[in-house]
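Here is the structure we will look at, set down as structure tokens.
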């Protein structure tokens, strides 16, 4: 077929072509574009929450309790008269914070374990991978729940618990990458020059493993929000009055039939933001898919 | 023969991992900040009574001894006694698991049918309307928090429209069928209790949809990409060149190959349903294992937490093992 | 084939005939998730205790008499009390011809067995018996069957009310010794056997309890005071309050046991229709406690400042929607020795001033722990917001009660929002935990080591002269109110959505959380 | 213009839509074939040989598209056929074998089934009945049928797999066999065996053959006629002997000069430049940027394939 001719062509074109191509693919996948805008909107919401929110998200205002959505309160108010709209907007900050910390913590643990296992192989690999398997033997949410029950309730502990669940995925990926890099001839060459294992690991293997790991971490951001919101919904996550989205949905549960707005709006935001991350992730996957890069 | 040794190796690894799992579960239970005895005795009990109770439960023994007790208990099938229900955890699990199993089976069935169907359509009509629709459907499915969709569906179909029953497995005044398997659908058919069958089915609709939707979404996604992968293969071109018609090309030549990774996902999904069941069961008041685990976690009923999570981990690992075996059996290439 | 059709029709018929609640059957929708056991020696949860109490009779029972909860004769028709040195000897005379629900005769031997059983099993109720001076070690000397109709108890010298209330059911419920021993496994004294059925002599029999499904009780035709009007009571497990409310509105059930404050408020406002709202003050209280061993709370002024900072009205009106009574005393209204004491009203100025005097003009940071119920969370949020107004930054940590009580019992908290359910209808049941740190209860947990209060509570507990006793309690309450570690939020009011077909629920529910009397209920 | 009695391809244009733009893969291909005739199609990678073959089978798929031309096979224009009609041609009148025989077999079905399926479809008999003929087919291509029938593709060597493919393709007794580089993925020794086998079977079965290869030597040895393709056009068609001895098109000349010949010492001469980008192909003759003889007409006009000598067609302005 024809595809081979393009490979010849791309050889002469500069690397900019590749970026242009990426941008083209991104533009072509409308869904990825929508996703990007949602995610940007989400981050903007978190950063500018104090400017965007009309009310204090925490201060109670009892005379205004359980008001239906109106011009004053776009999404209505809860049983303490707190403005749901403001709480949802401030909630974005909590979610961003969760995503950020979980990504960093699970990324670091996962890469450390995965790269070590992949690079050294043998017994070290065997032990580390069995430990990973132990964590993978649980359904994720159940492990996260058990861990956060163990650590005690609260946002920080929930973040730790989610990270302790998330790292396994990263570890497996990092291991596979490290094994791939390790078998490259230039690593042998560097070793032959007399570089220590540690040096090779840190300066040569690790950097090569990072980009797929980063991509994977991005792809998982939607899942992280869902897990965090699930914990919050069960009361194992952020503590009141923290406006974590899952916790707000849970708050509204006993008012669902009469005051539907308390649960509905924060849930909608979870859905939309996760959708944004997933669309973006899908786009990234497509863009990086070598089969589509032609 | 090769398949046999493969299974044995996997089984051995699974046992190793399960040992690690029970250690982890034990550690989690021991680090839990709750005072299990206080849980049994309630808020009014004075501290002396609490201390006495601890001695009687052997909770003052060194951790190592407690661990040995716990492990030997597991081997005997004794998961301890729940602090909250005051009954053997194993009995509780036996009681609640069928509900979860029934829900999971229904949800899996729903998700497999919808997921594979949409996945195929979407791959075959790539970039057509149906594909876009299926992709949006899928991405929505994995994006929506189940606890939220569950609440909204309950609000709409139960509270507002009254079309479907609300929480639980059976209506308040429907006599539960005689217990053979614990699966109400099956039991009610076996005992010719059609009223119960109808009612149990009606109760299954919403939770199965909620639970099955996200699973259907991921199955559709995998089916699509697997199908696209396969459709790109040389042997598909061969099949087309044979002139056997589009339907056979897709359903005989492509699907069989495409389903191999899908089987893995279905297995994982089934395992994942146990996870989704935690939230779904909480919302739909479903008396299953998920809610049991949530409740025991919320009450910090540590023997129940240990037993419940351990059981789930075993099931999950078993499902994974079975998936691997099916995978090996389905793909002749794996058998070398 | 025809057989099958017949079978199905029959099944359908039974199902359909079941759909409306019959006249002699009371159907209750309730959250029975917290039910652990229906064994009188173990049961300690309010609603489960009501079920247990209806299935087991004791020597005495607790009855509202002119609005005051009083122990009255039940299986024992009379008793004598003699003081022998520092031991009080109680002689109870059983009614003649008492039988258990299964027809077996009930003798003093059964009573003694039942009491000893509580002590041997040594679960939650046991400490109350210990309070009387009855222990596992001395029980063979202190709990005696003198003859088949006479039971002798040797207790510490205590106000009579205390003894007579504690030996009433649920934990004083008499079990059938013969049947229970015949059904014990691993020497558990029938603890497993009695978990989900009854072997007692109460007005009802617990026929079955299917976990997370239903509890079924049947009237006991052999009950000594005569068979109650209801023939059957079905308690259906309906965990969701909203569903319960829906069911009682539709007439599918007669009573919704757990409705939300919002629903109750709605029912209170709408009135009419086929259901009514029934309320009664509960025998419990809700409080904020400060650990006097922790930082700023060591200072009485800080504690007082917090008592002034809290917006009691807001909590009563918005969290409880008015289903609570302002009562800043530790005793419920109407108790023996109760005096009305409600000195605290939200006063931010005063609270700030007190804080400044105590050396915390800019406040401090504190952690409030509480359990995971909606009401507790809502209270915590309001208290948090109140404290913020006087510069105190409070962080809420909700935890399962087991975790909370673990921390509480180890004095590991800073501030806690909790409640106290009363164990027996006597001021002693409150004075001891709230004022006497020596019993290692609430005062001790909050490190309020106040010897004056402890002495007063102790002395009042053993004072046999009512007038003197009342005086002592008055003194204790006045001393306690400003100095203690507690800010009492309110006395809760229980509420139920009840079908208008149900008669007598108002009387049955009187004294709730301590007692509930199904025999007073009938249906139109 | 009927030039072949079995197949006439004329003016065939195929494009592929890609992100970089439209690839003009085939730019008016002309081909013809008589019954029992063997035609070789030769050209560099990417010149459109396979696309031509797949177009005849109507197997061009998204993002590819046949935009113009006609493919008259046995009197019918295949491009006007519906998919269902095409399925009556594929695997019945025209069979095809491919370059990677192992990959071309379905990994989850046994070899026997795959052959039986083909037979059953071409005859409209059940797969079970078709099994009876599988044995014969396998023996025909020199395989031990008892051993082979129950094997999976991954258990076959490349040579065995290609024999299976040939068995499958010829079992239906097609009028035309298209072999798309059937030997290029195989070892040199196996290549010869396979070609020999093919030669034998085609002679016996009287099938017409289109052999696609990048190896001019193989083409001229195996085929009666050779068509040379360059950048989406057939630029020269002649009998096997003639194309070697008297190549006319500058590209064909270059191609022949670049073949090392055993026993003769000749300086290898490559063709300067590279294959053009078909998104933005050169105007006029697509070969002009690489052609030594280029003159002004080459920049503007696309030369058509014309018969300059009897049975020797060439598309070059030098000869018009």
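In order of appearance the chains are A, B, C and D, and numbering begins at 1 in each one.
Rule of thumb we're sticking to: contacts are C-beta pairs under 8 Å (C-beta built on N, C-alpha and C of every residue); 3 or more make two chains touch, one makes a residue touch a chain.
Everything numeric here is computed off the predicted structure, so don't read it as measured data.
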Per Cα centroids, the chain farthest from subunit B: D
Pair joined by the larger number of C-beta contacts - B-C, A-C: B-C
Mean-CA-position distance for subunit C and subunit B (Å): 39
Averaged-CA centre spacing for the pair subunit C and subunit A, given as whole angstrom: 47
Chain centre separation (subunit A, subunit B; CA means) in Å: 23
Interchain centroid distance [CA atoms averaged], subunit B/subunit D, Å: 53
Where subunit A touches two or more other chains, by residue: 152, 235, 256-257
Contacts with two or more other chains, residues of subunit C listed in rising order: 242, 372, 399, 403
Residue numbers of subunit B (touch at least two other chains): 32-33, 159, 298, 300
Residues of subunit C that touch subunit B when the two form their complex: 4, 7-8, 11-12, 14-15, 18-19, 29, 33, 36-37, 42, 44-45, 122-124, 126-127, 130, 195, 211-213, 236, 238-240, 242-243, 246-247, 252-253, 372, 399-403, 405-410, 418-421, 423, 433, 439-441, 444
Residue ranges of subunit A in contact with subunit B within the complex: 31, 130-131, 133-135, 137-143, 145-147, 149-152, 222, 226, 229-230, 233-236, 246, 249-250, 253, 256-257, 260, 263-264, 267-268, 270-272, 274-275, 277-279, 282, 291
Residue ranges of subunit B in contact with subunit A within the complex: 13, 16-18, 20-21, 24-25, 28-29, 31-33, 135-136, 139-140, 142-148, 151-152, 154-155, 159, 232, 271-272, 274-276, 278-279, 282, 293-294, 297-298, 300, 305, 309, 312-313, 316-317
Subunit B residues touching subunit D - in the complex, by the definition given at the top: 126-127, 233-235, 237-246, 253, 256-257, 260, 330-333, 336
Partner subunit A, residues of subunit C touching it in the complex: 241-242, 260, 262, 266, 314, 317-318, 372, 374, 377-378, 380-382, 384-385, 388, 395-399, 403
